[in-house]
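Both of the next two complexes hold chain A, though its partner changes from chain B to chain C.
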Partner chain A sequence: MAPGAQFAAKRLGKELTKISKGLPAGIVLVQGDNFEEWLLDIQVLDSNPLYMGQTYRLKFKFGSSYPIEPPEVVFVKLPDRPIPIHPHIYSNGIICLDLLGQQGWSPVQNVESVCMSLQSMLTGNTKNERPPGDEEFVRGNRLRPKDIDFYYHDNNV
Partner chain B sequence: MITRCPTINFASGDRSLQQHSTSTATDTMKVKIKKWNAVATWRWDIPEDDVCGICQVHFDGTCPACKYPGDDCSLCKFGILDWWLWTSRIADSSTVSGKCGHNFHMHCILEWIKQDSAKGQCPMCRQKFEWVDQQNEDAEGQSAPDQDSA
Partner chain C sequence: MDSDDDFMSAVSSEDDILPDDSDNDDLSGAEDFDFDDEPDPDLGMSKDIGRKRVAYDISFKVYQPADIEKQQDDLINEVNMILNISKEEAAILLRHFRWNKERLIEDYMDAPPQVLEAAGLAQESASLPRLEVQPGFVCDICCEEGPGLASFAIKCGHRYCVDCYRHYLSQKIKEEGEAARIQCPSDGCDLIVDARSLDLLVTPELKERYHELLNRTYVEDKDTLKWCPAPDCQNAIECGVKKKDLDKVVPTVSCLCAHRFCFGCILSDHQPAPCELVKKWLKKCADDSETANWISANTKECPKCNSTIEKNGGCNHMTCRKCKHEFCWMCMGLWSEHGTSWYSCNRFEEKSGTEARDAQAKSRVSLERYLHYYNRYANHEQSARLDKDIYTKTEKKMVQLQKESGMSWIEVQYLNSASQALQTCRQTLMWTYAFAFYLARNNLTEIFEDNQKDLEMAVEGLSEMFEKPVTELADPKLKVEIMDKTSYCNKRRIILLDDTAQNLADGRWTFNVELTGSAPASGGPSNRR
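For the complex of A and B:
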């Protein structure tokens, strides 16, 4: 195992220990049996009609440089897990959030704090819409989320 | 960590020891300490529940890059060591901690700060991460938050 991967594994082990003692309301660890990919479910707990009663599946992929580099986080579509509608979430599950990009990430962030940020990103949203250019992006994009050069222009949602 | 207790060699030997165990309180045993070993423990002068925000490991443990704390993990902690003084291209003085008051394992913060995307900022507060200059600190009698001796 490369030294970096060991760092990532130890850090994720610490996070698992903490998670096993409890996660904030509306966040559930679905799968975390390795140090490469975890699945979590999140719910929005307030009465925002856009998201009420829904559960969303998140996939975290950790590189060997985690937490120095951000994890790749996307929403996953399943029969009972839609992709939440949001002006910063593409219909293929890719999320445009500065926190998850190289520029906004900080190594003190963790799986739990990312989930909470996404919960609050949904909670605060009132727009029932996808990002501009969603269709073309979803059709044409072959890049991994971390390689997409998002332009973070909107500080309101 | 060494946990040996002080060693006392009884000058009068085993016989007087035995005598002591059966004697009354008024009797006193003559003991001459011939040799003793002092033992000390140390810990970082930061709150006990504080963990390194980057690796989430307590400061009394090592960072994930190291196996042993203390001398064998000499680069793990800010301060004490002059390693930074001799090897750093970023700072030219011995360092203890960030001026913003946030502590990290030495290895952990170095991993972060060498990233372009870190922009030289503290991962906690995003202020410019500046190392506390221990020598100036001593000279001026100032102390950084959470760190006044190491």
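For the complex of A and C:
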């Protein structure tokens, strides 16, 4: 293991210990058997008609500098796991959220807190729409989420 | 002042190609392009310094690393004397105030303790940054705890272990290039990690990078200063053109390293097209690259015998090696027709109304229209690159010829001038096609197209002479022709740029897209790099 990777592994190990004691309602760890990539399911708990009864799959990718660097977090599409509709979520699962960017990320955040932020981002949304330019972006984008400069035009959504 | 003249000719490549070079005298001694005399230089266009300046010429000044350092030192010394604080503190305060000396002095005179505190320079020794071992401390980043775990916090009290803090700072400094404005690692806390804390925490291997970045803040904090984007160039340029003026002027500056770029958007010289059109055009080209790529390819088939021909020089006059057919690379038409009907190669004839009525034809016309301009844009871009190669090759041959014919190095410099003129003019021509693509017809477009055509013909003529075999190049008669053509090309370029810049400043162009000045892209993702 690279010397830097130990830093991430140590922290993720601590997170796993904490997760084994329980996660908040609506968040389930699906796969966390290594320190590079985890899968989690999240649900929106209130009765928001946009997301009621649905489960969404999140993929976390951790670099060796996690949690100094943010993890890469995307929604993953599966037969029973759609991509939630939201003005900041592209239909390919890429999320435009400032806390996941270098500027908005704080190393105090963790997997659990990111899941909770995404839960509340969905809970508070009433717009049944994708981000502007979704189609074009999804067609043209070949970059990884961390290499995309998002303009966080509206952090209230 | 001889040194000033040298400086000038090195700074402004436009000066050696001005129509009347005796005018250079007017600029001697004006090493700073009159910048200091005119804090808001009114785009430098109405300035009268003894002669009428061409409209695209703007005021700017080049600073080398030593100049930048000296300016910082001067400001630091001044604040050090006025406020009677140490130079180290003066530097920290100036960075904190984004090098706005006046505001710093004013605020400091009002309430020294508050200013010092805000900049992380509180006077009480109790608040000097230091590492601490606190009982019961748990680091929220690595989740470690344990006796003897050294930790650190800035004023806000958000405390993390030293390892995590160092890791965090190293990420910010090394990966994100931040130095003067690194925030506390805590979520939502925007307190800046002050310079003293950084000095305490930053490891020796990061120190150099950190101080280098600190020095960069001087240029980055000032709207009137920008780094020269040429790789390995350490110079900065000062220019008073503001963002809101970018729909009126294309602020082109040239560094001592000879790199010519736009002060507005940092891209290479894109006169006469305004920054916003350039942005739109480059985006369009990237989006449409699949349709357009085949056109910019280096090879084409001879229209007569279909053998593959590779373009190996900058000239558009192609002669098929196999069948000797002569044609124009741009339009594939007969070269012999280009003496009189050059128009078909430079101007796009709008298709007739009947054809346009058909929706399908319409979209084809719009694609054709785009391809027409793109083709010419890409052709000049490519030719400019090829012309450079040719010069490198020619230079070698000229060295050889010098030995054989006894011509001096000075005597062969005319080829260097020709090569530079070709590249500069092609770069301009290239952007005239992007400009023309967005240009809506009015009574001025014809003059523009004539200027474009004149420049293009001159450039193709020079390019053709330039490609002659070395033995012919040494002929004194051809040498004179090349020199004449070189200065004619430069003259045509200046006429075109002057005309377009003047009309841009006067708002007399109509574009078929909205030119909003400096509105940033609104919302949505943009791809970095």
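Going forward, the second predicted complex is superposed on the first by the 157 of 157 C-alpha atoms of A that agree within 3 Å, B and C clash if a C-alpha of one lies under 4 Å from a C-alpha of the other, contacts with A are read in each partner's own complex, and residues count from 1 in each chain.
Just so we're on the same page, a residue touches a chain if its C-beta (ideal position, glycine included) is under 8 Å from a C-beta of that chain, and two chains touch if they have at least 3 such contacts.
Worth saying up front: this structure is predicted, and the values here are computed from it rather than measured.
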| item | value |
| --- | --- |
| Contacts of A:Pro49 with chain B and chain C, given as first, second, both or neither | neither |
| Partner chain(s) touched by A:Ser106 [first = chain B, second = chain C, both, neither] | both |
| First, second, both or neither for A:Cys96, with chain B first and chain C second | second |
| Partner chain(s) touched by A:Pro79 [first = chain B, second = chain C, both, neither] | neither |
| Partner chain(s) touched by A:Gly22 [first = chain B, second = chain C, both, neither] | neither |
| Partner touching more residues of chain A, whether chain B or chain C | C |
| Chain B versus chain C as contact partner of A:Pro131, first or second or both or neither | second |
| Contacts of A:Lys10 with chain B and chain C, given as first, second, both or neither | both |
| Those residues of chain A which chain B touches in one complex and chain C touches in the other | 7, 10-11, 14-15, 67-69, 102, 106-108 |
| Touching residues on chain B, where the partner in the complex is chain A | 53-57, 64-65, 108, 111-112, 115, 117, 123-124, 126 |
| Of chain A, residues touching chain B in the complex | 3, 6-7, 10-11, 14-15, 18, 67-69, 102-103, 105-108, 110 |
| Of chain C, residues touching chain A in the complex | 140-144, 164, 167-168, 171, 175-176, 185-189, 287, 521-529 |
| Contact set on chain A toward chain C in their complex | 7, 10-11, 14-15, 65, 67-69, 90, 94, 96, 99, 102, 106-109, 131-133, 137, 140-141, 143, 147-151, 153-154 |
